[in-house]
Amino acid sequence: MSGPADFIFYAAAAMTVGAAILVAILPNILYAAVALLFSFAGVAGLYVLLSADFLAATQILVYVGGILVLLLFAVFLSNRISDGKTTNPTHFRLPAAAICLVLFGVLSYAAVSTPYAVKKGVYLPTTADIGELLMTRYLLPFEVASVLLLAALIGAALLSRPDRAASVKGEMEEGKR
Amino acid sequence: MEALAISLVNAVPLLAGVPLWTVTLLLMVAVAAVILVFALTFEGVGSLVLRKVAGDIQARIGPNRVGPNGMLQFLADGVKLVLKEDIIPANADRLLFKLAPYFVFVGSFAAFVVVPFGVGLIAADLNIGIYYVMAVTSLVVIGVLLAGWASNNKWALLGGMRAAAQIVSYEIPVGMALIPAVLIAGSLSLQDIVRSQGGLLGIFGWNLFHNPFTFFSFFLYFTAAQAETNQTPFDLPEAESELVSGYNVEYSGIRFGLFFLAEFGDMFIVAALATACFLGGWNVPFFHVGTLPWIWGNLLSLGVFLTKAFAMVLIMMWVRWTLPRLRVDQLMRMSWKYLVPLTFVNLLGVSLWLLVFRGKGIPGMIASLFG
Amino acid sequence: MGLKAYLNDIVEAVVTTAKGMRITARYGVDPKEEVTLQYPEERWEIPKGYRGFLHNDIKTCTACNMCVKVCPIDCISLESVRGADKKMVLCSYDINIGRCMYCGLCVEVCPVNSLLHTSGYEMASVALGELILHFIAAEDAPEIKARVARQVAEAAVKAAAQAAAKAAEVPSSGTAEAAKVAEAAKAEAAKAPVVEPKAAMEEAPQAPVSEPTVAKEGEKKE
Amino acid sequence: MTLDKLLVIAAALFCCGLYTVMTRRNAVAVLMGVELILNATNINFVAFSFFLSRVMGGQIFAVFVIVLAAAEAAVALAIFLRMFSTTGTVEVDAADQLKG
């Protein structure tokens, strides 16, 4: 792998980690969400370099187009708009930082010192393989995942509906007054 | 792109000393610039045509003052957009306010990369073409949401929330309606999909006429895509009469211009996808483009593709100036109660058809009857 | 909602969309349907009796002040001086067309039909003051006043000369008083023509013989 | 681009996520941390799949992780909205009704 691919790799890595650090420290939750977007995009870039094109597109589609939108909606709906500033309070900063740094050191040491039997990967389109495996070898997990998604969808819809009993009660109380 | 770079280095001896990746990178930049110029030109001319069509349909004339017959109106508009003062509201979130238009523009423009303009005219023939388009256009949602929030304006926020809900809802029918084309071609690459519709069947080789389900699929896709790009009658996010102008109400100058360009870019992407997936792409009826010399084949296929795509854009404009705007609940009902179930039924139907008839469409079967 | 109603909804949506698109397509391809008027080049025909901007023909205007009195929003103001022939002479006539509501009362009331509605309706300005129509330029007013004062004075001299001639013609009736009056008139007449226009304007009101009545009623400046 | 570099990146991402989960009080921000952690694991899966073997298992697992993340985010955000409508805040410290 020559110059440009390495350059792209380091750029994607820097974007991923830098944006993740911003997510961790930014006081404004909306800025943190935008930083998260860049982190996701960086991870997608890493996937592309790792010959996981389908996964990269999925990463963008699901994380950016789905989860991040949900996060933004949650931020908008759970903060009073009149507040203007969306605060994001933190606590236990020092001990958490210490734990994380130690953990990072341990993990990196483990990653660097372990001798892996590295085989050079090959660049091939993976979409067909993933589709075939999902329909043959991993059919059961696939079906379970779809049932889980359906359950999650119904659960989320049920949870976020306005409480009908409570609202009826409220109306009755208002009527009494 | 690398193959092109290699052939370029071979053709021009002057480039022999330059590292290959530099040439490749420069080529990438050049191709991106060409596409950007095309997109901008289309968006400019598109805005003019849109206003002309609106004028015709509403028994008016439309712009006719700048240049001969109003032809240069889009240049005047462009100059106006660029030169206007870029106002940022006092209480706006400055960073996000500045950032949001770029998300929208990038999300719209990045999709141009995989549009198959001709036999060999495609910036990057990704093997996940359609999926890639679906993925990058989701950036638009984020941009619109952030623009709505950062403007610190209730109309902008409502418009942004509406736009996000609408785009996310309609992404599902759009994807589901495109899958029949993917199933028939057996590939997500747009070039493969276009190639699968070639052959000597002429226009009956198109996916549109492959079987009844694909025929309906085309119209479902077109409806859903029109909603996904916030075109009238689904332009609730920018409903002028209730939300002033929705998420871009506080924007002016070049930042508004980016939203504006992204809107037209989305229009072209929708038309191009419809062309590539259902209308045969750059295939010339009853003729094999590949037999021509490289340059003539490409020019011919480019012309055919653009003709089809522009025809689709015109139909979008026609619909746009015909139908009145929906209500929000009607919009959501249309997506979740009508389009989503129908596209799923269609998908099942196409799958069954392909299974039962071994991938052959009706015209193909009729043709095989006659040998 | 049953399946039948569901399918009916879909069919209805498709049919109504197709109908609407047929209509718009007909408009789209038929250029004769266009109703746009290319405004500055082509214009609507102005209907009879159209009340456009007011115009006063100051040559026929008698400065009767009727329009000023009848105007319900006081947008007309005029200033006039009494001329030598006892008729009023306009020295300024302004209409604030920005305030005018085009009721037409002033036109109806005008006894000599000098005030009329024209068919004009285009006016744009960047300052409110430009909306005031001056039918006599503001800088002309002193000149007119001076000229009128001069004419009045000349007339007075003539009258005095005539009176003197009469007095000389008929000595029997020449009493001391009549001679005194004639002399005074002669002195006035001798003085009046030599004064500067500006001085004349200032002195005019004090002139004993010919006191020009300055109409102040309509003078309501903003 | 080597395997250990990718693992170090994933570790950094994981630690950022962990720090976010530990320090934030806003539930939405905690969820962001969780997403970062899931991304870190995904990088590991894909990297191992690319470097150690050409078996697609790693990528398939990553797909499932993304699916789970989507489901989790949907349910979690529904819960947050519910929490906001009952307690008026989405700070995780406020959800202590079960405390004895």
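Read from first to last, the chains carry the letters A, B, C and D; within each, the first residue is number 1.
The rule is simple: contacts are C-beta pairs under 8 Å (C-beta built on N, C-alpha and C of every residue); 3 or more make two chains touch, one makes a residue touch a chain.
A quick note: this is a predicted structure, and the numbers were derived from the prediction, not measured.
Visitor: Can you check how far apart chain B and chain D are, centre to centre, with Cα atoms defining each centre and the answer in Å?
Guide: That pair's centroid distance is 33 Å.
Visitor: For chain C versus chain D, what separation do you get between their C-alpha means, in angstrom?
Guide: 81
Visitor: CA centre of chain A versus CA centre of chain D: separation in Å?
Guide: Here chain A and chain D have centroids separated by 6 Å.
Visitor: Could you tell me the distance, in whole angstrom, between the mean C-alpha positions of chain B and chain C?
Guide: Chain centroid spacing, chain B to chain C, equals 63 Å.
Visitor: So which bits of chain A are touching at least two other chains?
Guide: Residues 54, 58, 66, 73.
Visitor: Could you list which residues of chain C touch at least two other chains?
Guide: none
Visitor: Could you tell me which residues belong to chain D and also touch two or more other chains?
Guide: none
Visitor: For this assembly, give the contact graph shape among line, ring, star, complete and other.
Guide: Here the contact pattern is a line, an open path with two ends.
Visitor: Give every touching pair of chains, nothing left out.
Guide: Listed by label, chains in contact pair as A-B, A-D, B-C.
Visitor: In their complex, what parts of chain B are in touch with chain C?
Guide: Going by the criterion above, the answer is residues 53, 55-61, 318-319, 321-323, 338, 342.
Visitor: So in the complex, which bits of chain B are touching chain A?
Guide: So the residues of chain B in touch with chain A come to 19, 21, 24-25, 91, 93, 95-96, 99, 126-128, 131-132, 134-136, 138-139, 141-142, 145-146, 149, 152, 154, 157, 161, 164, 168, 171, 188.
Visitor: Would you mind writing out the residues of chain A in touch with chain D in their complex?
Guide: Those in contact with chain D are residues 1, 5-6, 9, 13, 16-17, 20-21, 23-24, 29, 32-33, 36, 39-40, 43, 46-47, 49-52, 54-55, 58-59, 62-63, 66-67, 70-71, 73-75, 77-78, 87-93, 96-97, 99-101, 103-104, 107-108, 111-112, 116-122, 126, 129-130, 133-134, 138, 141, 145, 148-149, 151-153, 155-160, 163.
Visitor: Touching residues of chain A toward chain B in the complex: what are they?
Guide: 2-4, 30-31, 34, 37, 53-54, 57-58, 60-61, 64-66, 68-69, 72-73, 76, 81, 84, 125, 127
Visitor: In the complex of these two chains, what residues of chain D are touching chain A?
Guide: Spelled out, the residues of chain D in touch with chain A are 1-9, 11-20, 22-26, 28-29, 31-33, 35-36, 39, 42-43, 46-47, 49-54, 56, 59-60, 62-64, 66-75, 77-82, 84-85, 90-91.
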